[in-house]
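In the two complexes that follow, chain A is the common piece, with chain B as its partner first and chain C second.
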Partner chain A sequence: MSSLYSRDFIVTLIIILIPLCLALNTDSYGQRIMTLSGIYAIAAMGYHLIFGRLGALSLAQGCFFGLGAYSAGLIGVHFGLSFLTCLLFAVIFTALVSLIIALPVLRLESHYFALATLGIAQVALLIAINWTEVTGGANGTYGIPQLDLFGVELSSSNDVLILVWVILIIIVSLTFWIMRAPFNYQVTLLKDTPEVAASSGIDIGRWRLTFFIMSAIFGATAGALQAYTIGVVSPATLEFQVMVSILAMTVIGGKNHPAGAVIGAILLTHLPEWFRFLETHYLIAYGAALLCTIIVAPSGIFGLFEKFIIRNPGYDVKSLPSKENKAVSDANSTSLEIQGLSKTYGGIKALKNLNMTLTSYQIVGLVGPNGSGKSTLINIISGLQRQDEGTIELDGSFIENTASYKRSNRGIARTYQTSLRSSDLNVYQAILACSSNQHNLKHRHNQTHAILRNSRLISKTEIMVGDLSTADARELDLCMALATEPKILLLDEPAAGLSSSEQRFLSTKIRHLAQSGISILIVDHSMDFLLPVVDRLICLDQGSVVAEGVPAKVLADPKALKLYFGNARS
Partner chain B sequence: MLDISLQIILNGISLGCAYALITLGFVLVINAIGAVNFAQGDFVMAGGFLTVVLAEFMVADNFNPIRASGVIILPLVLISMACFGFLFSMIAYKPLKNRPPVTVFISTIAMGLIIQHSINAGFGPEPQIGPALISSGTITIGTLTISKQQISIILSASFLILCVGFLMNKTQLGRKLRAASQDSEMAESIGINGPQCISITFSLAIALAGAAGLLLSNQFFVTTSDGGLYMLKAYIAVTLGGWGRLDGAVIAALAVGLFEVIMATLVSYVVAEALLFAALLLVLLFRPSGLFAEAIQRRT
Partner chain C sequence: MIKLPKFLTIFAMIVLFPISAETKETYIPILVPITGFLSLEGTAQRNGAIQALDEASSSLKIKYEVSDTSTSPEIAVTALQRALSRGKPVAIAAPIFGTQMLAMLPIAKRAGVPLITVSGTAKLTELDNPFIFRFFPGDAVVKVAHARYVTEVLRAKRPALLYQTTAYGQSGYSHLSKALRKAGVPLVFEEALAPSVKDMLPALTKLRASKPDVILLHLHSTPTALAIRQARNSGIELPIVAGSAMHQPSTAKLLKDHQLRGVCAETAASPISETHPKLIQFTTEYKKRFQTLPDAFALAQYDGMNMVITALRSGAKTAMDIRNWLATNTFNGLAMKYKSDGKGNMGHDATIVCYDGTTKTPKITKKYLNVDGTFN
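This part shows the complex of A and B:
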């Protein structure tokens, strides 16, 4: 997989180097536009991380750009420090600001996040216009010194161009390093299905914070370069137009790939040159191009390029190491102890003082009518929802208040009623993304392979997750859960939508897993599926256990019978 | 002192009423498609320019300034903006209806850019002034002096808000629109034409934006770069009022208008803006569901 990624890196470098070489041979006007392209490519690279890869619609990228321009420019004007010092200052300052912003804003979702980041950008603009003593007000500050490097002034447009593009190459390399396997797959999983990612041990908060700060750092770098190349900082660098331009570049070029940011930046900075009749109204063309891209080719120009020219080689199973690896960890005897669990939604008690124990080598079935609290229980054990009262004890330590991803790291895995639907990951990548963070990459590849070999998905590793059949998608859910090396496995309706032969295959697999020491809790409606496979059956009604024990005993229990078959049969 | 403060409050309410129209349209679209229409503010600006153009046309045609009053133009603006709204939904929403809401967010940003800069190319960045609703001037009641324009803004906006309330709550069309926005699949299975409902909602929303543009065009002028701020005010009002609530949105929009005018008079416009954003961030921090509880389940 890493070979695919390094090939991707080379493609990106070629996309950077060809226009750069062409630009080095043009006149100084052409070089200035290419310098601008490079600057915007850096800003768009940051936006590609937060928006393209993570899917968070930040509207603060223009603000970070402006903050970088102001902080570097003002330091340069007032203290006469070298460019690199000012750049460093701008980056640190903007990163700190983004960290402060991130604390309240990052936990907001979609449109709230967009609004909050837009509001912050608006406040920054107001400050820049009105804090005249420092910023120079609406006219901005002039007289920013020329770019210099280690005491040498870069006066020719050629030198400036090279400096900007070298910084771009550094930033692209950094981006590729951050997005190395398996993190790129984890981030995709995170973007498509945050809950699945969290219960697969991926720390959502950490990724969001990292990407938000990286986007700020890249934006500030671009802003600082912009201030130094034109010699002025003005409120125009903080206006919404900058944000919209960066967004348009990222989307039009292709938001899922670093090369897209570069392509988008080069295209859109040259567009006013190509359509001179639009004069200053080139933003009409930006808008039209953005609209066409989002409707016709949502993955942008690079997405089209990737689809038609580079054929994704996918993953070659044959080249995998054939070493036998155990799919699951050697779980010693482990136990999950739930006591006094209660949960209320408004006036409805979903769980009432529930007690339950799960132990190794044992399969427990959980049945009950709709609304009896089965899904709530699984959600609370896996950490997606919080209990109102009660404790959950895993091997002697209480975990009822730990985050979902930490519970996953400690050995609790789950599947969901609705299968993962992602169009950007194939089967292999999805499992690799969930593989336990404790191991190095090689081990994770081996482990993924081992899980696949015990699964009928072995022949389907290159199929995109969204294209799988229902049965295969359910199998994938199970494989992803296993990749986290669970001690406790919670299966939420694993047999729903499966044919009876597929159900038998699943039963056998679950049996094997239990024999390897995993403790399994299954919620399902199909008694035909549950009864042969479980060791113990728990019947839930209105949030309380009404019957519990070996299946035969529960089935003989009049209360359970009444729930399932009504009064007539009891 | 008394009439000055009353004047300020009336000013605030009339601005708030116009904001309420913008916000109502904004929420209707949010409820119908689960996505934000970022171009709503630009449609307000477009409505303002349409008013200016229609007024000039009528004055030039007849040399009778009475005929060019805002009240006469209002129905024309409503109808033509509704048509724009329909077109808008065909271009910016229909091809994307099965994609994530963020896609619609971006397509509406793109449409906003196109609208703003096309009008800018045609009219230039200078502010334009629209006609008064009925007439400018003031009425004096005892010691109170009240601007006729403000009273007529408040009256016409209230009338339109009541019409929307009546339409949504008391008519069969309104019931259909609400059903389609709550659960479009379910609505379609009982014979409601979902896509048509969404187009109607867009038309209604953009017509309201256009009406707000008309109401604001006399007192506050109309400039091509206004759209962004109007959109932000609506966005803030929706958040404060509780995402998806029509009544909360109207009340919050009134509050935003009042707050803005009072703060701008007492301190300065910049402080008013800054405090508004600060209030927004505080609400997002401590009460993300808005000051009124969330009416609909948020769709992701």
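This part shows the complex of A and C:
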């Protein structure tokens, strides 16, 4: 069963339909407030995607709202086209603008991204105020025709309410479709640990672009509806206050779930109306109510609802298929050839003209003192960092300038020194999120099950990853890497924090993986773990190979002994 | 999941709220911006309307309620819908903010309810909407008086203007620059400022560089005070002729007496400067009731509501009766004589007040009567 028809979707639909049905029986004022709630729920749904799901603090959602309002309103006033035509124009226009904005802006991270999107919103506001010939300036544009549908004017507040909420239901359905499994897990992984996502084959850029444009489309839809329900479009639609309202609706409703956007929009649209009798003091009451909500429900109202009402929170947890699966990896003989790799941080040379080869069925250990360049090497091979010089050749193709997610898709997987500690995914979902995009959903479920069957985590599939023990978290890292169907597996300190018995279990597993054809590179400080498992050992110092060969040979090398094991051992 | 229906029912009950039924009393909602950057003007509007309606309550059963329209058209339209759903208003005290009025006008027209406003935005009465009645002289009146005072009395040749980016500012700029051009004294400098701008020195520096002989301001209340304070503090001692915001006692309070020397303002009236007994009585009552001094907006709204009350006393019963009465009769208000010019512009006089630098009460310097010729 897909997410669209899942419990979450049905709960969201109920949350939409109950207030809608109640509002149909109120007067025109009550219906107007619910109409506005629906409009802002659409805008907040877009913000749920970009901010709630992807974690990108975009401050352009109010701008998209205003662009939708202006583009639909101006077309409606000047060309007298039907509402649906104007809506379509507004959506396409805003989507194109967001695409143009996205090209430079989506490269930015965290607060730089927020500031850039805020700047864009301010530019849009200035244009709206000062381009008076087109926008009507500070007065705005008035005389926007009434909403119509296929030539029929929607003159009653009832009709307008129904139209807006039907569009909301369509938008909610679209949101659930976008966020269907396993994409929802991939997005969660991307939000929590972008590096892990990238090295698991998830294209961060594609998701950020998709969500940014979708948020713009939803914002524009809401803006167009607002312009038509008010009859006027003014710079107020582009002001920061609109952005703040949408942000507050998303957060207070519950930013992690589409239903949160709906609840937040209904609540924040109604709250000022409930406090109207307080006249000038109503904003104080409004602010106090919002503050209380945040204190009582820090994860939003829907988060509270999930906690107390829905007893088994979590998205689309699947029962494990019982079907037998094929082997984890069908890797044929493969090789990774590194030539002349160099990397400098300021004046420090992390890697100096490094050469290395990894081949199938082989386990290579990488040792060296802290700062010798081990992690830098793994980061460069996996694409998280770029080398200054040198080449990386995978099965005859140079990949040194290839994006991290593409390297993952070509068979390079890795684990990290720090285990995944995402709080929003369970074990099964985390592995499914990393499963190869080349297969259909059924195959990906089967593959996830196969990986779990060979893991100690088979009985812990529904445990949230943040609740796992250190050993289980390490095991999960390995399972996630295996889900990408690797040919080359890079393990960064996989035994750190593990007991002796756990290290033995890991050693056995690594050997089995190598026997299936995977080439494995292990960085670890525990010689008791490393030496029995590796076929070949490389000792690094200050970015250069000082000793290389079978473990016994390296252990006998005086330079390696002195650098890594100290004089005492010699 | 067992608790789900119960929760949803409670949630839905919270969302659902009953709306009170209409009342038999005459219903006159007051929809004005009492929060946001127009809160000073909106509060004055509210106070003026309340004073008029309360004074009439001894002989008429009038029910009123105040709703904040803040500074967005959306909130204003919602407040209007709320008012219309709560009864059958015979008239509505409507916001000073022109953009909000533009959004409210079509709804008022459909509902057939006259809007009584003090908004100066010229466009409002150019839309052939028979339900707008503006009791503050529009920009076509006050900005002409503004320009005439600058060119005829001050004999300025190089005026420079700072105005607001809002509808109020753009409308005033349009009329003022046009009137100055007509008088053969075009602006030597002009710059629009957002209401949020607090540091005006960059604009003032550029303004000074244009070598003006008078500074014209068409800003909201707080920006007006900021511009004057920063001009005086930076050594600009040129005469300043500001928009109507400067006549407000609340604006003058933001400045020191010496900073007000050489500052004038256009306005419809200045109740605190007037010596007529009825105006003194109005000011005294107002101050007693609201613990603040009235301005021209309060007085204009007071006059507007009193014209509605006069219509009711003359037998008008419905909103349409009131509209027709307002459209066809002349009313002697406290500030001036009001009569519709056929478009809903009721005020046609303007006043110039000036501060002498020793007190925050301005003196009436010049009155321009019947500026647009409605009474000819």
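Assume the second predicted complex is superposed on the first by the 531 of 570 C-alpha atoms of A that agree within 3 Å, B and C clash if a C-alpha of one lies under 4 Å from a C-alpha of the other, contacts with A are read in each partner's own complex, and residues count from 1 in each chain.
The definition used in the following text is that contacts are C-beta pairs under 8 Å (C-beta built on N, C-alpha and C of every residue); 3 or more make two chains touch, one makes a residue touch a chain.
Quantities reported herein were computed from a predicted structural model and do not represent experimental measurements.
When the shared chain is aligned, chain B comes close enough to touch A:L108, but chain C does not.
When both complexes are overlaid on chain A, the residue A:L283 reaches chain B and chain C alike.
Once the two complexes are laid over each other on the shared chain, residue contacts for A:V134 go to neither chain B nor chain C. By the touch criterion defined above, A:L247 lies against chain B but remains apart from chain C after alignment on the C-alpha atoms of chain A.
When the shared chain is aligned, no partner comes close enough to touch A:V550: not chain B, not chain C. By the touch criterion defined above, A:S234 lies against chain C but remains apart from chain B after alignment on the C-alpha atoms of chain A. Of the two partner chains placed around the shared chain by superposition, chain C is the only one that A:S28 touches, whereas chain B remains out of contact.
More residues of chain A lie in touch with C than with the remaining chain of the pair chain B and chain C. Once chain A of one complex is fitted onto chain A of the other, the partner contacts of A:I295 are limited to chain B, with no touch recorded for chain C. In the superposition on the C-alpha atoms of chain A, the part of chain A touched by chain B in one complex and by chain C in the other spans residues 129-130, 283.
Residues 1, 3-4, 7-9, 11-12, 15-17, 19, 34-35, 43, 66-68, 71-75, 77-78, 81-82, 84-86, 98-99, 102-103, 105-107, 121, 123, 127, 164-171, 192, 194 of chain C touch chain A in their complex. Listing the residues of chain B that touch chain A in their complex gives 35-36, 91-92, 95-96, 99-103, 105-107, 109-114, 116-118, 120-121, 228, 232, 235-236, 239, 243, 270, 273-274, 277-278, 280-281, 284-285, 288, 298, 300. Interface of chain A with chain C (complex): residues 11, 14-15, 18-19, 22-23, 26-30, 32-34, 36, 129-130, 132, 137-140, 142-143, 226, 230-232, 234, 236, 239, 241, 263, 266, 270, 272-274, 276, 279-280, 282-283, 305, 308-311. Within the complex formed with chain B, the residues of chain A that make contact are 55, 57, 104-105, 108-112, 114-116, 118-120, 122-123, 126, 129-130, 240, 244, 247-248, 251, 281, 283-284, 286-288, 290-291, 294-295, 298.
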